[in-house]
Every structure is written in C-alpha cells, then in structure tokens.
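Next come two complexes, and both contain subunit A; in the first it sits with subunit B, in the second with subunit C.
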Partner chain A sequence: MPRSSPDRGAGLGAIRARRRRTTATRLGAVAGVVVVLFAVNVLLGTYTVTIPDFLRILGGADIPGASFIVLENKLPRAVIGLLIGVAFGMSGAVFQTMLRNPLASPDIIGISYGASASAVAAIVLFGAAGTAVSLSALIGAVVVAAAIYLISRRGGVAGYRLILVGIGFAAVMHALVSFLITRTDLRTASEAVLWLNGSLNSSNWDRATVLVAALVVLLPAAVILSRSLQGLELGDDAAAGLGVRVEASRLGLLFTGVALAAFATAAAGPVASIAFLSGPIARRLLDHRPSLGMAGLVGAVIVLGADFAAANVLPGTSLPVGVVTGALGAPFLLWLLATANRRGQGG
Partner chain B sequence: MGPRKDPTAANTLSAEGLTLAYDERAVVDGLTVELPAGKVTVIVGANACGKSTLLRGLARLLKPVDGAVVLNGSDIHSQSTKAVARVLGLLPQTPVAPDGISVADLVGRGRYPHQGWFRQWTPEDDDAVATALEATDTLGLADRNVDELSGGQRQRVWIAMALAQQTGILLLDEPTTFLDVTHQVEVLDLITDLNRRSGTTVVMVLHDLNLAARYADHLIAMRDGRIVAQGPPSAVVTEETVSGVFNLECRVIEDPVSRTPMVVPIGRHHGPGTATPSPTSPTAAAVRGYRPNPQDTVPARVEAAS
Partner chain C sequence: MAVQAAALQDAPGRRPVDRRRSSTPRILAKLAITALVLLAFCIASLIIGARSVGIGTMIDAVTAFDPTNGEHAVVLSRVPRTIVGLLVGAALATAGAALQGVARNPLADPGILGINAGASLAVVVGIYLFGLSSASGYIWFAFAGAGAAALAVYAVASLGREGATPVKLALAGAALAAGLASLTNAVLVSSQETLDAFRFWQVGTLSGRGWDVIGVVAPFLLAGLVLTLATGKVLNSLALGDDVARSLGQNVGLARAMTALGVVILCGAATAAAGPIAFVGLVIPHMVRLVVGADYRWILPFSALLGPVLLLGADIIGRVILPPGEVQVGIMTAVVGAPVFIWLVRRRNMAQL
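Showing the complex of A and B:
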C-alpha cells in the first residue's frame, strides 16, 4: 500500500483547521453573551445606571447613591456571579470528562453537600457568620472529597465506584444538614437555609478577592491538566498506553476540580446545578468536543442569567440565585436521561 | 512520504524473572521471555492463566512485584512513560470511545506522546493520522462518529489510533473479541499487513487457538502464570501441549489453507470410543460432577434404585 500522500494529511489538516475556527467562533459568541449578561446585571434591574454614569463611577466620580450601589452591591455581585459560574462550570466538566459520566458533577457526588454540611454545622453549632462560614465550607468540601477518593480507591479509582460512594456521601451529608436545621432555633435555621440556597445577595469585595486569588492559581492548573483528559477519557489502560501518568493526572484533576467547586461554594453557597448543567451543554455547543473553557463560559452565562431573573422576576424581593438554577436542574436531568436512553447509552 | 521512525532499528522487549500480582495473588510467576523483534508473537492459554496480565505487565500497566520488563536495554519503569509510549503502543481489551467523538479525532489521540507544551498539533501529526487511517482502510470514515460504526470498523479505528502512535512495538489484548469470524480474520490480516510492511513487532493475546496458530510467527502457551511451551506454532501446537495447557482432549491436523496446525476438540459427545454416559447410572452422574442436593427429600441413589 502506498505511503500516505501529503495531500491526504493536508486534507485532514484543513478539516482540523476549519473545526478549530468553528470552535473559536462559538467560544467567542458565548463569551460575548457573558459580557452582555454581566453588563445587564450591573446596569439594569431595580436600580438602573446609564453607561456614562457607570464609566464615571469607575473613573472615581462620586454620584450620590449610584456610586455606592454600583461599587458595593452590583459590581461585586456580578463579579462573584461570573467567577462562581466559571469555577462551577469547569469543576463539573473536569469531573464529568474524567469519570466519563454526566452524573459525576461535584453537586451530585456529595462534594457540594460536604461543603453545605460543614457550613451549616458552623452556623448552627458555633454561630459562625461571614468568612468563618466560607472557610468551613471549603474545609468540608475538601474533607468529603478526600474521604470519597480514599473509600472508592482500590488499586485505582473506577469511575462508577467513585460516583456511587459520592452519592452515598451526599445522602449522609443531606441527612446531617436536615438534622442540624431541625435542632436549632428558627432564626439560625432560616440563616442556614438562606446559605444553603446559594445566593449572591451578600456579595462583597472581600469574597470576590478571595475568589479571584483562588482562580488565578486554579484556572491555569486546570488548563495544564486538561491535556491528560484526552487520554483519560479513553479508559485507564488506553491512557497509560498513550503515556499519560494515570494516577498522578487523576489526582491532580480531582484536587483542582474539588478546589474550584469548594472556593465557589465558599463565596456564594452551593448554587444548585451549575456544575451539573454546564459540561453537557458546552459539549453540545461544540459538537461533543469537551472543552473546559466552554464549560466555564456556559457556567457564567447560567449564573448571570439566573441571578438577573432571580433578582427581578418578583417585584420587591430578590430571590436567591440557587432557587432559579435549582429549578433548571431537574428538567435538565430528565432530558439528559431521556436523550441518553434514546441513543442506547446509559450516560 | 511521511517522516517516520526507521522501523528496522529494532526495539527489543523482554521480561526477566517477572512476577506480577493483583493484591497478594501472584498471577504471573517468575516469568522470563524475550519477544522476537519484527515478528508476530501470540500468547495463548486457558482463562485466568495470566496471559492478559502478562501483556499488561509488558505494557508497564502493572508494576512488577519482582523482576523487570526490559525495553531497549533498560527497565521499562525507569523510563518516562511518554518516552515508552513513543516506542511501545497498546490496544487494551475494552477501550472506551468518548460520546460523539469523530474517527479522525479518536485516531488523533494516538499522537498524545508526540506532543507537549511547546509542540502542539503539526502537519506531521496530520500525516501520521492519515497514514494510520489509510493503513486500516478507514480514511473514508474519518468524519463519522465512532458511535455509528459497526464492531469491525470500530476495532479497525482503534488499531488506527495505536498506529498513529507510530511505535515499533504494538501490544494488543484480544483484538478480536466481540467480532464475528469474518471480522476476526479481517483484523488479524490487517495486523499481519502492518508487521510485514513496516516490521512492527506485534505481541497479542488471542483466545482462538486455530487463529493463533495461523497468524503467529512465535507462539507462547501459558498455564498458571508460567510459560509451558513457546516456539513456532508447528512445534507448540501438539496434542500433548494442548491437553496440558487447556485440559482439552483433541486431535491436531493440518490446516488445509495455511498449512499450520489446527486443533479439533473431541469433547464428550463426539468421536470414537466416547460412549454417551447413561443418565440413569449413578456412577456416570458422579463422573459428570452431579451432586444430589442435600435438601432433596429422596436421595438420588434411592430414587435411581426405585
């Protein structure tokens, strides 16, 4: 048989280049939507700011009322919304791609529940508030993730075992949260429930700063590690055959995914379903090619869109963003299961 | 002409006193073997004889408890896993195709060990992928989804991925599982083509003894984690070895097509001198491993006598 003619390789190269352009275009489009939603969140809503006013406020001009609302309320809220969307979206996509299962997002395999249980314990048992709650959420997520990893690990982690152990942990943590809430007084309980819903209402610059610092480290780590996802997706043996250091890469990806979800949860509470929704939507937008970047952008679109709806759909009240995203999650799960079954594949 | 490693610069692969174990149980026990360079080696043996384990060990997927796998003169575990992947390719028994991935993309994953931070996708990679697709006759499928392919096509695509890795040694774990006989022959013909054309050293595990005897240059028969016999198929596939390795009474005749040995199993119901045991005879029942259930109210022996 003849050795490949150069034009064959060039033909594949052309297809690849065209596909890369399509990917870039779609990423750009979704990024555009993120920018628009960010602007909508900052400028519109119950208190409307004009663009010239907004630019003057950023420039340092003091407009009575508007300056405070923009700088201390709207802007940190939108920034945190954007960042937790990116963090949850990427975290979910890391888990779903690595474990080859759309159910394997941190909000389903118990990592978010671990953060919740720990945070609620801090609120109810120690009367914690503010940063202390965030910190305990962070610790809870990491501890639960480590426990899931160690228990599901027997000479190498199998994806399905990790998911089952994770779902078990989610149930235990859920029970713990319910128990703590029933044992406390009404005021503390409502405070805990508010946190559990996931809300951007108490966003401030302190939280935003912590989140930015975390993402500056975690996003590049995720991008670097995502290269080995290409191999891990094919199964452990095939990945090892391709020269991927399977256990090391997986541990690194798990840690990055957990840290992304944990910092996002610490900043805004366990905003439901973002991690779970973003990955599959991003995949469909890119014709099934996994892309952490796209998943992050989709996450940001969901959070910013949902928060705008939550803040404005009922006049006079600002719903927690988690109420809206939670309502999106269940129908999406059903749709995912329905379409997966039609193709004869169980996830 | 694609830039390609000189395949005649033979890579050597051998195991020295190799012991492999899952948990505490040794599956391959103190095994020493040299895989002949540039030849097709087939490993056969009964289920659970350690043949797949040996292949995984040779592919450095299992860390040896004792002994070593030696690739090109040094311990395979002392080399960087990516460097090994440029010399030694592996097609595992059940690889997983990600949902909705296209054939070209999947085959492109085989270029992973040739890429790095600063060396991303190049025309050379496109060329390697095109060559692999062409060699496996899957170029026409390049844009299709792997999900949509038939079993035989899918297996050819996986082999193409291993080829895109451009290694001098290729290990395959039961590449014909789940394929009907037509596709089994097609896949094995393809693997033989690769070996003949580019001198790739092939090591594979096969279940079918007759296909193994036909396609192997070098045959290794294993039992209980050890090598019982090895050599050219005509020397290995004898009635004694087969009954020793597989616990199977058989005749060995010459394959009328390939002139290689062919195993014809005897079994209990066929052949001269194997009378079908009478079902009423209690001794025959015992011979067949039948044990009366202690819960039965009437003991089998009494029932037979009545």
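Showing the complex of A and C:
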C-alpha cells in the first residue's frame, strides 16, 4: 500500500498536526457539500420552496400546499437519503478495511442479497408492504450474515474465505429472488423489482425515526471499533502483535457493518453501489488513509446527488434512486477493479 | 494473498500421481458406466413428471408411436426438453471444466464469473429495444453479452502481479455481475412488458423449449463441444504453468484464445437455450476430478456426460417437488450447487488445481 513515509528531519509531531488539519479541512469540505445537496433536495425540484418560506414552515407556519409537501414528502425523503448514504458508506468502508479488499462490500458478499431475498419473499408470499417488508429485509440481512460468518469460520475467519462464502450465498439468494418473481402476478413482480432497485419514493417519518434510532447506537459503535480497524488493516498477525484482539474486534466490526447495511436496506431497499463506491472515494480524498467518517459523508453525497438526478433528469418520471447509483456504479466498478488489481490489492 | 501463495507452492508435492492413477481400460470402463447412468437419467426424464408413465409405455411410444394414445403424447412432449437438458448440461459442464483449466482456477464457473449476467443484460436490452420474444432471437444477444462479460472479467482479474487468482477472479465476476444486474433492473423497472418476458427467461428452465430452439442452438453447442473437447491436451500443458507450457512448445496465447472461444460459444448458446444456469459448470468438473484425476483429456468428456446427469436430475426433481407447479432447473442447480461451492471454499488448499 503506498503511504507517504514522513520525513523524520521535519519532526513527526508537526507532520501529524498538519495531516490532522488537512483531514479536518477535507472532512469539513465534504460535509459542506452534503449540506448543500440536502438543501437542494429539499428546496428545489419539481416543487420549489424559497428559503424564507422553508424557515417559516419549520417555525410552524402553515402555508397551504407547501407545508405538506415539505414536511411530509421532501424533508423525510432527504433525511432518509442522507442517513442511508451515511450508513451504506460506513458499512462498506468497515468491510473493505476489515477484509483488506476494496471489492468486499456488503452488496457483493451476499448480505444485501440476503435482505433482498427475504424482502421479496415477504412481498410475493405474504403480500407484505411497508414496514413488514423493511422488517423482513432486516431479518434476512442479519440471518444471512450470521450464516456466512459461521460457515466461513474455521479456527478464525480468513478474510478471503468470508468473501467467497458470501459470493456463494449471493448466488443462491439471487436464484431464490428469480424464482419468487416467476411465482407471482406481473403487478407484484414489478413491485418486487421496484423494491430491489432501492427507492426513496415511499419515505416517511416512521422510517426516518427507526433509521435515526438505529444510527444513534451504531455510529458511535463504529467509531469506537474503527480504532482496531487500523490495526486489522495491517494483517491479522501484525494486529495481534499490536495488541488488537483480532477475533473479538472482527466480530464487533462485522456486526456493526451488517447492522448499518441492514437498517439502511430496510429503509430504502438495496440501493446499488453506495457501499461499494464510498470507501474507495473517501480514501482517495484522504490520501489513501481509511476514514469511516469520510466514507459516510461520501455515501451521503452519492445518495443525495443521485436522488436529485433520478427525480429531475427525465421530466415527468421519477426513477428510483438505485437506477442512477447502479448506472454510475458499473463503470466505476470496472475502473476500481482494474486499478486495485494493478496495485496488487484486489486479493 | 499469502495463504494462497503457500498453497500454490506446496501444490506440486500433493498430488503427483493423480494424472497416471488409472490405466486407460479402467477409465474407459468408468466412461461406459457414466454413459449408462446418463441413459438412465434420459429415460427417467421421459417418464417422470406431473403425469408419470410406465417404462413399457415409454418404449412403446418410442418404437411404435400412437398419436391417439395420451400417454404417448406425454412422452413425446418431454423429448425436446430432455434433448435441451442433454445439450445444455454437456455444454455448461464442459465449459466449466475448460474455464477452470484455462484460468487455473477451481472456482471458475459461468455463473460465478458474471458471464450469465452479461448474457442476461444483453437479452434484456434485446427484449426492451427490439421486442425479441423467442430463443432464436435471444441467442445472438446472449452470445454477445456472454463474450463481452467473459473478456471483461478475465482482463480485469488478470491485471497485477499474481495474475488471475481465485479470489480476484471471483470478486471481479461478482462485482461485474452486481453492476450488470443493477443495469438489468434499471431496464426492468421502466418496462413491465420486458419484465414479463424476462422474468421467465432469467430463472433458467428446460420447460417450454421446443424443436425450434434446439434447431437454432444445437449447431453452436455441438461445434463448441467439439472445439472444447479437443483442448484437453492443451489444458494439461497450461496446468503446468505458462512458462512450462511455453517451453513444451505450446503457443500459450493461442491455446488460451481457442479455449476461451469454445467456452464463450458453449456458455452463450446454453444460456440462450435455457436461460442462466449456475453451478453446473462448477460442480461437475470437481466431481469428475475425484473419479479420473487431473488429466483434462478425461475430465472434459466425463464432464460432458455428467453435466446432463446433474441437469436432468435437477429438472426431474423440480418437476415433482412442488406440485402442481414446477421448480425451474436453474433454482434446483443453485440449491444443489451452492453447498458444493462452499465446501470447496472451506477446504484449506482451495487455490490449487
């Protein structure tokens, strides 16, 4: 891994301080972009609200039409977009750093597929909608993640074995989804496909509340656990030598990463590529140092930007956000694969 | 990755005798037994189903067909399905064996490597843009998609010092499949008619394939089988590593290209005929290796015989497991194949071949 080795003559302390400052500046800049995009999503689009009107609505004034659209539609949608971006981004970064592979994000190693199969089963077999679908996605993600973990354990989890077992699970879950979609009428099938794309169209405050509650617990947990992440990134043996309890912190990180992805999927469906894209972009923004916070912010930028594009690029139609992130993701994916392999990090 | 490098290094010491383990007459006897098993599965495929018939009736239907006899008609209706199963099973298993040989990778499989996803996206685009509705229309799109995806995955995975390691190849395939699947979904979400045609193709099934489909894909499958079965010797020398193969006088680049061409023809035509079916190409070659060792001159023909056994077996189970409906064969192979895949991954020396 290319890392700039500090020049000892200049004083390590000064270099560290400067590096902390640049990190803080760049984090601040990306956070600023998130705020701007959030405002764009709330204020602009097919229904435009002026800033004074928006502030008056927040203050409690009732403007006919505008109040309802802002409070019940645009605001929860933007909040959920922001939060799933953060959750997917951090979840992806946790997996990518822990497994030391830029391609090992939850949407590729089977966890999102577990959520999808479970949710599609609920839609097709039980006619579920709304909260029931979210709940079954949550359960599916956790059950499949646990199965992958237990099966790939053999005297400790080797990273590559976890990845490959996950890919095996992904294939089975994919077959299951295909099967369920042939077993139902066309209307239900399109409903399931719509959910599979990931969409913010059915955002509401109930979902936002659940997501906020989950993140209040999970984000601090991720930040605390991320300290051992830097050790784990050096390899299991080196980490153990540095005093990291490898197996325990890996389990903790795994649980946090799965839970982040699962709650985000429950809120909006398996929105493609965000978990996958955020970590590597965040690393490039921070000179190849891993940062969960940066990954979360990048995820939020991607979701908010993609949702605004999805809702407004084609007039008259509102594409699901997952279509845009998926289309963005595919070429980036190939490029990432190519560069990761060329540097010898692809596994 | 260090673990795999170690596994690769100790590989030569592990199975030095496999290649010459069985004498030719013994292997030929095994081949004959395998052929008989396949014949038994073909017969089972003709007589078992929602309406099962006796074996005597089946023989009557074949030797002295009576158009007024309902049971004879049932047998006749299962003939194309059985032939498609034969061709597609042979194609997928042979392609899987050749792919594992040419990539020197035990996890190579058209499904895992994203080749099916490429074919799927191409077929969806074909349905959406050109209103295709038959397998004879799908086939060119499936070919193009399978070929492009195979090239992309292999090119991307073989970048870097160690070449295409199992993990890199599997990840490149899974990542490409995920990207292609979201593009496929994007088309499906915007067109219900496309979804309605596609959802039944995508699952991978042998039912509803008539003589017209066989007529279109059979020439490709047979040509691909001949081409791939002829690569056994080449794959044996590639298995020793590129340098050794080169010093044995092998044109490595040409050998790879010929094998890859055969694989793409087989996968593309099989996918066009039956839809994406995963795991047959993965599981069968490994089972064959347990029987005949590491000689590709035998692995390929045994795979061609055992692939249809798995596919027809899965299809037969799928017909009767969930009455009154059928479970498509693609689902059954995934259910059977995934445990084998995971078992392979859990073995310590999974990087060796």
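Here is the rule we use: the second predicted complex is superposed on the first by the 330 of 347 C-alpha atoms of A that agree within 3 Å, B and C clash if a C-alpha of one lies under 4 Å from a C-alpha of the other, contacts with A are read in each partner's own complex, and residues count from 1 in each chain.
One rule holds for everything that comes next: a residue touches a chain if its C-beta (ideal position, glycine included) is under 8 Å from a C-beta of that chain, and two chains touch if they have at least 3 such contacts.
Since the model is a prediction, treat every value here as computed from it, not as a measurement.
When the two complexes are overlaid on their common chain A, residue A:242 makes contact with subunit B while staying clear of subunit C.
In the superposition on chain A, A:13 makes contact with subunit B only, not with subunit C. By the touch criterion defined above, A:43 lies against neither subunit B nor subunit C after alignment on the C-alpha atoms of chain A.
Put subunit B and subunit C next to each other and count what each touches on subunit A; the higher total goes to C. In the superposition on chain A, contact of A:338 is made with subunit C only, not with subunit B.
After overlaying the two complexes on the shared chain, residue contacts for A:135 are found with neither subunit B nor subunit C.
After overlaying the two complexes on the shared chain, residue contacts for A:234 are found with subunit B alone; subunit C is out of touch.
By the document's definition of touching, of the two partners only subunit B reaches A:289; subunit C does not.
Residues 343 of subunit A are contacted both by subunit B in one complex and by subunit C in the other. Contacts from subunit A toward subunit C in the complex involve residues 101, 103-104, 107-109, 151-152, 154, 158, 160-161, 163-165, 167-172, 174-176, 178-179, 181-183, 186, 189-190, 193-194, 196-197, 272-273, 276, 319-320, 322-323, 325-327, 329-330, 333-334, 337-338, 341-344, 346-347.
For subunit B in complex with subunit A, the touching residues are 1-2, 22-23, 56, 59-61, 80-86, 89-101, 104-105, 109-110, 112-113, 121, 123, 126-131, 134-135, 139, 142-143, 145, 147, 162, 165, 171, 193, 197.
By the touch criterion stated above, subunit C contacts subunit A in their complex at residues 1, 3-4, 107, 111-112, 152, 156-162, 165-168, 170-172, 174-176, 178-183, 185-186, 188-190, 192, 195-196, 199-200, 202-204, 278-279, 325, 327-328, 330-331, 334-335, 338, 341-342, 345-346, 350. Touching subunit B in their complex are the following residues of subunit A: 1, 3-4, 6, 8-13, 15-16, 100, 155, 230-231, 233-235, 237-238, 240-245, 283, 287-290, 343, 345.
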